[in-house]
Each structure stands twice: as structure tokens, then as C-alpha cells.
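You will see subunit A twice below: alongside subunit B first, and alongside subunit C after that.
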Partner chain A sequence: MEFSFALVWEILPQLLLATIVTVEATMVGFVLSLVFGAVLVTLMRTPSRPVRALARFVMEFFRATPLLAQLYFLFFVLPSAGIVLSPFVTGVIALGLHYGAYAAEAYRAGLESVPKGQWEAALSLNYTKLRTYLSVVLPQALPPVVPALGNIAIAMVKDTAILSAITVTELMFVANEIGSERFQYTEPVTAAAVIYLVLSLVATALIHLIDKRFRPEEAPA
Partner chain B sequence: MQVVWDYRMLLLQGVWITIQVTVTATMLAIVLSLLAGLARQSNVWLLRTPATVYVELFRGTSLLAQLFWMFFVLPAFGVSMTPLLCGVLAIGLCNGAYGSEIVRGALRSVAREQREAAIALNFNRFQAFRIVVLPQAARIMTPLFGNLAIEVMKASSLVSLITLPDLTFQARNINLVHVVTAPVLIVVLLIYFAIALVISGGTRGVEHALAKGRDRLAA
Partner chain C sequence: MTPIIKFEGVTKRFGQTVVLNNFDFIVAQGEKVVLIGPSGSGKSTLLRVLMTLERIDSGMVMVDGEALWFVRKGVDVEPVTESHLRHMRAKVGMVFQQFNLFPHMTALQNVASGPRYVMKKSKAEAEALAESLLRKVGLGDKLASYPARLSGGQQQRVAIARALALEPKVMLFDEVTSALDPELVGEVLDVMRALSSERALTMLIVTHQMGVARALADRVCFFEKGMMVEEGPPEQVIDDPVNPRTQSFLRAVKLT
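Coming up: the complex of A and B.
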């Protein structure tokens, strides 16, 4: 068995096109997860006990069940409820929901890390609740959360491969398709794995950079 | 709900495979994380470098890519494995790489004085590790390994994509036969959730048992 670099070279354009879909899915999914996580963590902090309990359950449930099963649920059940979405949209929604639960947990840890005295100080300054959040709590709660959110993004890059199961034409799907067309899996699957490695290395470097940017603000002037 | 009852045997067979993959892959992952975690701490570069390469390689690539690689590519190099072995190996290797960071962090968290005390008591390196460092690191590692086991369980759903009829595979197949399938998928998700609850309950049990030993020693 030989590894043919000529074949890799030949299929590389196809794989790179598919990589764009992978990157798009990661970015849209990541934004959705940030939003959904924020919604969940807000619901977990409402005065209503049943709402809090429900939000908590949703968070635990989404984190403890496989992304693939959640993906199938959206893919098969939504159309029977009359909601027809493209595989890509279904896929990024699943990513957003699954990782949103992780993001909610990260936000929660960040919010809890803000000392109670900060809340009391804002109260004594007669700040409204919204103003307390915006100008006192969040600026302190978010920077420590950045690495955790970064890990979510890195995990998501790799998990976009699962979207191939519902025919999203991302990297893994295309690599597989090339493999089955040519009866030659070695080159496409290996090349795909290398591309994932490069993507997650780039993502890691990016997050390191963003984290560094946030850090100096942490220290009081 | 009738659909779920009609297909209960298929679903139970699926659960059995999911449990098999989860348990064996978790054991493999824990052994590999201990080995890799220790090797990365080692002073010997011949141990450290391969461990680092292993961890970075398996953490940097998609698990599904690893799974497909073992399933489709390795046979071309003359290594043929059953789907079950393939799944367990890929999931165990990938999560072992993640787990090695747990071991590394836990070993680091054991205070230096503890090792110094062990040297003062004339323990050799192996004794110091087994009697002083490991029991303390184990208490930190246990809940994290519990989380790892849940990650392994979730990852086990991917074996459905290499033709292994696990819970997710059955759910998908029932979907292809029937039109109204929400109950099946909800039940499948609930089963996964139940398995996760069992894992976290078991982890708490282990944590409790390890904490007991500590109280006895402190008294």
C-alpha cells in the first residue's frame, strides 16, 4: 500500500472548498452557542424557581447526551413538525444548542467569580440592575471565561465532522465521498485529518491571542 | 409510544452495545491517560516526546476522522479490525489524550512538600508515588475521570457511523422505516441521559470512598 501524494494534490481543491463549509459551520455554531448560553444562564438566574430548574435541566441534558443523537432529533423530527431546514442550518442549530449548554456553564462560573461586594457597591450607588450588569459585573465576569469559550470553539471545529452524518458537505463528508468514489480512502481521510489538525492549531493560536488581549484589562491601573 | 414498545428489543440491543463500548473505551482511556500523563512528566525525553506527540495528535484531530482512519485506511495497510474494536480503540485513544491533561494537572496539584516529606522518610521514587502522591492525586482525578466517562459515552454514538448497531444506530434505522419518530428519538436521548446519571452517581460513590480513607488517615 502506497501513499500517493499526487492524489492528495488532485483532491486538495475539493477538500479545501469543504474546509470553508467546516469553518463556516464552526463560526455560525459558535455565535449561536454564545447566544443560547447567555439565554440559558439568564434563565438560571431568574427569580422563578420552576424556570431556574427547567433551565438547569436543559443545560445538564444537552451536555450529557450525544451531539449525534441531538442532530438526528432535529434532522428527523423538525420536518415532521412542519419545519424544513437545510442540513447546514439544522447542523449549526444542533452545534449551537449542544455547546450553548457548555457556554452557559462557563458564563455561570464567571458570574459566580464576581465578589458579592461588587453587587452591594453597585446597589449603594443606586445603579439599576441592567447598569450593574453592564458596567460592573460583566466586565469582571467575562475575561476569565474567555479560555473556556475558546475551548468550546476548538472542540466545535472538530465536532463539525459529525454534521457529515446529516449530509452537510463539510470536510469529513467530502473526504468520505471521494473515498467511496475512488475506492481509495487512505489519501482523502488522512488529508482531512491533517486539515483538522491545522484548523485546531490555528484556532488555539487565535484564542491565545484573544485571551492575551483581555488579560491586561483584568489588572487594575 | 407504540413505536418504542415495538422496537424495544432493537433498542435494548443498541443500549447493550453502547454500554460495552462506553465501559471498555473508558477503561482504555483511563489507562492511556495515566501512562501518557506520567510520561509527559518524565525527565526522560524518550518517554516524554512520544507522549506529547500522541496527546497533541489525538487532541488536534477530529474523533470522527480518527475513527474513519482506523476503519477505512488501516485495512489498506493490512490491519483489519472489527467495527467494535475500531470504535473502542479510536474513542479510547482520543479520550486518553484528553485524560492525560487531567492526570498531569492532578499530579501537579500535589504539594511539593509532600514529595519532600516522602524523600525525608527515605521512600524510593516508586514508593513516594504509590503511597504519597497517587492517593492525593486520585481524589482530584476522580470527578474529572467521571466527566471523561460521560464524554466517552457521548462519543460512543459515533460508532454508529462505522456500522456498529449501537443505540444511535438503532434510532436512525427506526427513523428510516417510520415517519413519526419523535418518541423513539426522545426515548433514546433519555436513555443516554440516564446512563450519564448512573456514571456521575458512580463517580460520586468513588469520590466518597476515597474521602473516607482520608478521614481515617487524618484521625
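Coming up: the complex of A and C.
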């Protein structure tokens, strides 16, 4: 078996175009997961017991079932209910829901890390609930959550590959397509893997930067 | 004497434990009352009820002529709304044992946050007020310091300034010197003593330190098992208690 760098060079433009789709899917999916996670964690903290239980169940459900199953469900079942979405939209929604459940868990841990005394101090200063969250709780709850959210982003970079199963023309889909056209899988798949590696490393570096920006707030020199 | 705080037959339970038992209590405006007693005797709960951190199970609490947890409507008693609670909270300020400063805010921001967010003052106005209060508690040079960079005594003084910034009529001090190293107690006590010269300000102070009680109290109240067992001027209650329970408690405290 020999590895043709010439072939890699030849297919690189196609792969890079597909990489744009991968990056887009990751970014949109990540934002959706942050929002969905925030909604879930908010519902888990409402005074209503049934709402809390439902939110808790939804969170467990999305974490306990495979992303691929969720993806197929949205892609094949929703149309029969008259909801037809493009593969890309379906894919990012599935990513957002699946990882939103993990984000909710991360938020929850962050919120619980804020000591009770902080809530009591805010209440004794007559802050409203909203003000307490905005000025006291979230500034303390979010920085420790950044690494966990970062892990979600990195996992999502890789899991966009699953969207190839519903014909989203992202990196893995295109690599696979090139492979089957040319009966030559080694180069496209290897190149795709290297691109995923680069994307993940870039994401890791970005998160590290964000984390660093958040940290020094506690005790600046 | 106008009562600013009035407990009428207040009962508060935590599960099976009765923390306040059909409790009656009156504090005059401007009075400085020190509450002493073994832990679990209900004295901290009394403060927490006044700060609306705990609900009561029955009875009435009046602050500044208005009901705190329940409102009398004719013969009926109704639980109050959040907006009424906020109105009542504005009359009361509290300082905690563990300071509870906001760690992501500087000393100045900690003190200015209340005037700014709650009293809706402009940023400049709130910060000017915060600065003058921090100077008053001797921290004029620590405005930009974060709590983590301050000693316990300094943090507690910031916390006092933060509560004062909202101009409460009643100040509650819940074991504010208990978490401090002994050499830092004095600086906090000095601030409280200066504060106690403000005649209109009512102060309720829970402490285990008899020095604090002696320095600040118009009246000392000894609590046990959700009841007030003995009360009177400090020299009487601390130095010459009548009740045997007070006597044995004070013996134990003085040994430490």
C-alpha cells in the first residue's frame, strides 16, 4: 500500500469546502446546545415539581440515547409528521439537543458551586431574582463551566461526522464519497482525520484562551 | 418608645425541632440588643426571619409598623407577596458570619452594587457613596481590592459598609466576629461601636463573645430552646444573671 500525496493535494479543495460545512455545523450546533442547555437548567430550577421532573427526564433522555438514533428520528420521523427540514438543519438541531443535555448538566454543576451565602447576601441586599443571577450567581457559576463547555465543543467537532449519515455534505461525507468514486479510501480518510485533528486542536486552544480570560477575575494581581 | 420590631407568638420549626416557640419580642427604635445563648437556641433564626431568609410557621412579625410574613386582612391572615417582601427588606440590612462578599467584585463594587441595582442610583453616585462608606470603616485605601486580597476583619468591614449603603433602619449582625482571628475582632468591633452611636439605627447582634455584648448592648437577651429566658442591661445579665440556665451558659462561655 502506498500513500499518494498528489492525490491528497488534488482532493484538498473539495475536503476544505466540506470542512466549512463541518465548522458551520459545529458552531451552529454549539450555540444551539448552549441555549437548549440554558433552557433545560432553567426549567430544572423552576418551583413547579412536574416541570422540574420533565426537564430532568428530557436531560437524561438525550444523554442516554445515541446521537445517531436521535438524528435518524428527526430525519425520518419528523417528515411523517409534516415537518420537513434540510439535512443540515436537522443535523444541527440533533447536535444542539444531544449536547444541550450535557451543557445543562455543566451549568447545573456551575450553579451549585455558588455558595448559599452568596444567594443570601444578594437577598439581604434586596436584589431581584434576575439581578441576583446576572450580577452575583452567573459571574461565579460560568467561569468554572468553561472547560466543560469546551469539551462539549471538541466532542461536537468530531461528532459532526455522524451527520454524514443523513447526507450532510460535511467533511466525512465528502471524504467517503471521494473514496467510493476512486476506490481509494486511504488518502481522503487520512486527510479528513488530519483536518479533524487540526480543528480539535484549534478548538482546544480557543477554549484555553477563553478559560484564561475568565480565570484571573477572582484575584487579579 | 416606638417599637420597630415586634414578634407576637411566633413559632418556627425545622422538621421536628422547634426553634422559636410561641415567641414574643419587642425592640425599640434605636435600641442595641445583643442576643446570646447556646447554638440552636433560636437567636440566629430570629435574625434570619427578620431578613426574610426563613419563613415563620405561625404568629406575626412586625417591622416598622408593617407585617413581615403575613398580612392581616380583616380577620384573615394572608401570606405576603414578593413585592411586599422587597419593600420590607429595604428596611433591614444583615452582616453574616462568613462575610459573604461577592468575590468577583472589588470592595468598592461590593458596596456600590446595592445603591446602584436596588436604589437605582447612577454609577457615579453609587460609587461616591460606597467610597465614603468604605472610608468610614477605615478602608479608604482598599477600594480596588478584591475580597480574596483582604483579611477577614477587612472583609467584614466591607460587608458592614455594603449593608449600610442601602440605609436600613435595622442592622442585623449574625456572629460577625466569630470567624475572625482574635486579633482582628477589635477592628470590626470598633466599626460596630462607632455605628452604635447613631441613635436612630436599631441593631440586633448575635454573638458568643461577651466582650462584644458588653461593648454594644443596651439590652442583653439570653435565649434557650426557642425562648427568651432572661433579659436586661449587660451588667446585669452578663455579670449577675438570675436564671440558673444563664448562669451555667455564661460559666461555660467565660471558660473559653
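As a convention for this text, the second predicted complex is superposed on the first by the 219 of 221 C-alpha atoms of A that agree within 3 Å, B and C clash if a C-alpha of one lies under 4 Å from a C-alpha of the other, contacts with A are read in each partner's own complex, and residues count from 1 in each chain.
Criterion: a residue touches a chain if its C-beta (ideal position, glycine included) is under 8 Å from a C-beta of that chain, and two chains touch if they have at least 3 such contacts.
This one's a predicted model, so the numbers in the text were calculated from it and none came from an experiment.
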{"item": "Contacts of A:Val189 with subunit B and subunit C, given as first, second, both or neither", "value": "first"}
{"item": "Which partner reaches more residues of subunit A (counting touched residues only), subunit B or subunit C", "value": "B"}
{"item": "First (subunit B), second (subunit C), both or neither touched by A:Asn151", "value": "neither"}
{"item": "Touched partner set for A:Leu197, first subunit B, second subunit C, both or neither", "value": "first"}
{"item": "First, second, both or neither for A:Thr169, with subunit B first and subunit C second", "value": "neither"}
{"item": "Subunit B versus subunit C as contact partner of A:Thr42, first or second or both or neither", "value": "neither"}
{"item": "Subunit B versus subunit C as contact partner of A:Gln14, first or second or both or neither", "value": "neither"}
{"item": "Common interface positions of subunit A, toward subunit B and toward subunit C", "value": "none"}
{"item": "Of subunit A, residues touching subunit C in the complex", "value": "115, 117-118, 120-121, 123-128, 131, 135-136, 139-140, 217-220"}
{"item": "Partner subunit A, residues of subunit B touching it in the complex", "value": "57, 59-66, 68-69, 72-73, 76-78, 150, 153-158, 160-161, 167-168, 171-172, 175, 179-182, 185-186, 188-189, 192-193, 196-197"}
{"item": "Sites on subunit C touched by subunit A in the complex", "value": "51-53, 86, 89-90, 92-94, 96, 98, 100-104, 113-114, 117-118, 146, 148-149, 162-163, 166"}
{"item": "Subunit B-facing residues of subunit A, complex", "value": "1, 60-61, 64-70, 72-73, 76-77, 80, 157-162, 164-165, 172, 175-176, 179, 185-186, 189-190, 192-194, 196-197, 200-201"}
